[in-house]
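Right, I'll just put the structure down here and ask away after.
By written order: A, B, C, D, E and F. Residues from 1 in each chain.
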Amino acid sequence: MAIVKMVEYDDAPPEVRAVYDDIMATRRVDWVNNFWKALAHHPPTLKRTWESVKQVMAPGALDPLVKEMIYVAVSVTNNCEYCIVSHTAGARKAGMTDAQLGELLAVVGMANETNRLANGYQVEIDARLARAAWGK
Amino acid sequence: MAIVKMVEYDDAPPEVRAVYDDIMATRRVDWVNNFWKALAHHPPTLKRTWESVKQVMAPGALDPLVKEMIYVAVSVTNNCEYCIVSHTAGARKAGMTDAQLGELLAVVGMANETNRLANGYQVEIDARLARAAWGK
Amino acid sequence: MAIVKMVEYDDAPPEVRAVYDDIMATRRVDWVNNFWKALAHHPPTLKRTWESVKQVMAPGALDPLVKEMIYVAVSVTNNCEYCIVSHTAGARKAGMTDAQLGELLAVVGMANETNRLANGYQVEIDARLARAAWGK
Amino acid sequence: MAIVKMVEYDDAPPEVRAVYDDIMATRRVDWVNNFWKALAHHPPTLKRTWESVKQVMAPGALDPLVKEMIYVAVSVTNNCEYCIVSHTAGARKAGMTDAQLGELLAVVGMANETNRLANGYQVEIDARLARAAWGK
Amino acid sequence: MAIVKMVEYDDAPPEVRAVYDDIMATRRVDWVNNFWKALAHHPPTLKRTWESVKQVMAPGALDPLVKEMIYVAVSVTNNCEYCIVSHTAGARKAGMTDAQLGELLAVVGMANETNRLANGYQVEIDARLARAAWGK
Amino acid sequence: MAIVKMVEYDDAPPEVRAVYDDIMATRRVDWVNNFWKALAHHPPTLKRTWESVKQVMAPGALDPLVKEMIYVAVSVTNNCEYCIVSHTAGARKAGMTDAQLGELLAVVGMANETNRLANGYQVEIDARLARAAWGK
């Protein structure tokens, strides 16, 4: 159970309604999901977070499907249930196939495994890899 | 400092050399990075991990660059320094541009922020999102 | 569902009852919450944990509300549902307002974002900041 | 070693200089720390992150020292070295004493311990605590 | 709710059935738990993961009970509910007593606490400990 | 660099010396490692933490080597460098062989992988496993 009351559109103050309207217009949907209704508990956080998400998730050098999959990868690693479900939904909407979902989770699992093997052995960074990470 | 001695090619037993040879052939490089030289401390883990990584990172429904970027996203979230550097290097090699790196890290940062906002407010999952996550 | 049976007061051995009595006396309440009833599965852990929590959460150089908010910040970052709910309750009891809750979670979210940006870019520590962290 | 080149003031494009100027003016310092010089690799992330941090960390319902200590709590839990050092420095500057630092880390440690005990026993949330978290 | 449909034996393609048969034969049980039915969504991940788990969890230099307890320790630290329950079940089956469960969780809690104290103070590694970690 | 000055024996107040003496006597060594010298910054945390560690790590239903390996598993999962090194050293001292180290890290890696697969697919807990976790 959420620790605050969801702020519904009809009960929302004007600055919250403005954000809800922009969410619905940007996403071309006619409803607002619970994440935003919880954030509306603190209107400055609602507004700032929505503006950041809108900017970060817009098409750019990476396409929206790739961005949604990266979002899922982080959410799975952090075990944020709401975020896993909502961004898997977002990735589906952006065109993710069943095979892509399977490969996405396989990479996430493998990365979590090798992260711990690298940590566990305290592996030192190769000078060549450090240079390559710089793009040289 | 690594907690085990790196196993160099010249000192490696045959089953380790076979893995090193396959790593170099698959990646078309003439050297083996420290991660594998540490894992060679325990040859069954070296062999199993390499075979898993080779399968998971091969082109499939997702292209190799997307897979490398997902790997970076997980490694950044876990703060695995070796993994961040080595997979940023891998992503660069697979064609990641500076702009793509900037957007990748922006999404990773934002996902970590909203994960905590969702957790902090204990937001409940919308039934519509749950259906959408199933692809319905 | 908990993986052990909650130990109720009436069924508890004397060393467990002594801890329950101290919890109720210290907190001026007439009931014991499930966390302690689960820990009572292993009486030495119950006793040690309660004594540590009592010492750590007592008023000192930081006031109890600040301590509860720090506890919430950690619990949200770790996504421990029980801990988020119980320490949000504790912070409310210690006087946390709705506006303070909103700001607390905003800081927690932002810290999780910038933690990943710092990790992702592998930012090196400035010498001036290191000195300042020492209080110089 | 950072995976991108730090953007120094003299080499920075105008939109980056504008952010650097605002950082120095807001904080009343005459230098910019490496975190921002790394983010300047991707100017939209630099600008968005600075504006968010400035808003979130401003005095409000919580005072700046409490906000810095919450930031440290999150950074320690995530083990982000840069963030631990920079926000410990920030907390010192905002007046944190040695005794407060000691208590802060004691709470962070204890919260991480009890988070795992609650998770490990899979303790169920008490109805009374859930109500109290709502402020009732 | 899982984000994919569980693949039941009767509906499973031959390569999935082969894995299910091996799971049941290896574990001497007549059913397959949900984890594998979810992974069957992506048959290569099912097969690779099962073969890895079978190899890693087989008796070797560490006995199966110790391995299950290590699995629980990781799962508690990550707060993976499914994994905590399934590997606590596995550890019980391998002979874990109530007292061992109590001590296991006490160590996990303590390790999570001291991990943060070491991080928080940014303690430097003693040269003697580094040598001892190498076995010297 | 640590954010506080290490408290050396010769400069330590009596209550700190008493803890150092007990650490050396209990472990039968003639030196104190940096972790404790950092905690001595806040004497109540030093005393409480040492007494807890001494109690938790003492032989009981689990032997000391198993406890050290569980400590390593948690520290690797959290990526606490100091803790990985110091508890690998502790495990070596308690008799851990190279083969046991290899298997330990293999289990830790695998657990981190399957934790994310279980999270990613949001697998629901089987009723049979829940009963088995209770020891029934």
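What to note about this one:
The rule is short, and it goes like this: a residue touches a chain if its C-beta (ideal position, glycine included) is under 8 Å from a C-beta of that chain, and two chains touch if they have at least 3 such contacts.
Quick caveat: nothing in here was measured; it's all calculated off a predicted structure.
Each step here moves to a touching chain, and the least such steps from chain C to chain E number 1. Any chain that touches chain D and also touches chain F is listed here: A, B, C, E.
Of all the chains, the one whose CA centre sits at the greatest distance from that of chain C is B.
In terms of the distance between Cα centroids, chain A is separated most widely from F.
Both chain A and chain F derive from one sequence, and where they touch, over half of the residue numbers involved are common to the two copies. If you average the CA atoms of chain A and of chain E, the two centres end up 27 Å from each other. Taking the mean of the C-alpha atoms as each chain's centre, chain D and chain E sit 33 Å apart. Distance between chain centres (mean CA atoms), chain E to chain F: 19 Å. Residue positions of chain A touching 2 or more other chains: 1, 3-4, 41, 44-45, 48-49, 52, 56, 77-81, 84-85, 88, 98-99, 102-106, 108-110, 112-117, 119-122, 130, 133. If each chain is drawn as a node and touching chains are joined, the picture has every node linked to every other.
By the touch criterion stated above, chain D contacts chain C in their complex at residues 1-4, 31, 33-35, 38-39, 41, 45, 49, 52-53, 56-57, 60-62, 66-67, 69-71, 73-75, 77-78, 80-89, 92-93, 97-100, 102-104, 106-108, 110-126, 128-130, 132-133, 135.
Residues 3-4, 41-42, 44-45, 48-49, 78-80 of chain B are the ones touching chain F in the complex. Within the complex formed with chain F, the chain D residues making contact are 79, 84-85, 88, 98-99, 101-103, 105-106, 109. Residues 72, 76-77, 79, 81, 84-85, 104-105, 108-110, 112-117, 119-122 of chain E are the ones touching chain D in the complex. The touching residues of chain E, counted against chain B in their complex, run 1, 3-5, 44, 48, 52, 55-56, 130, 133-134.
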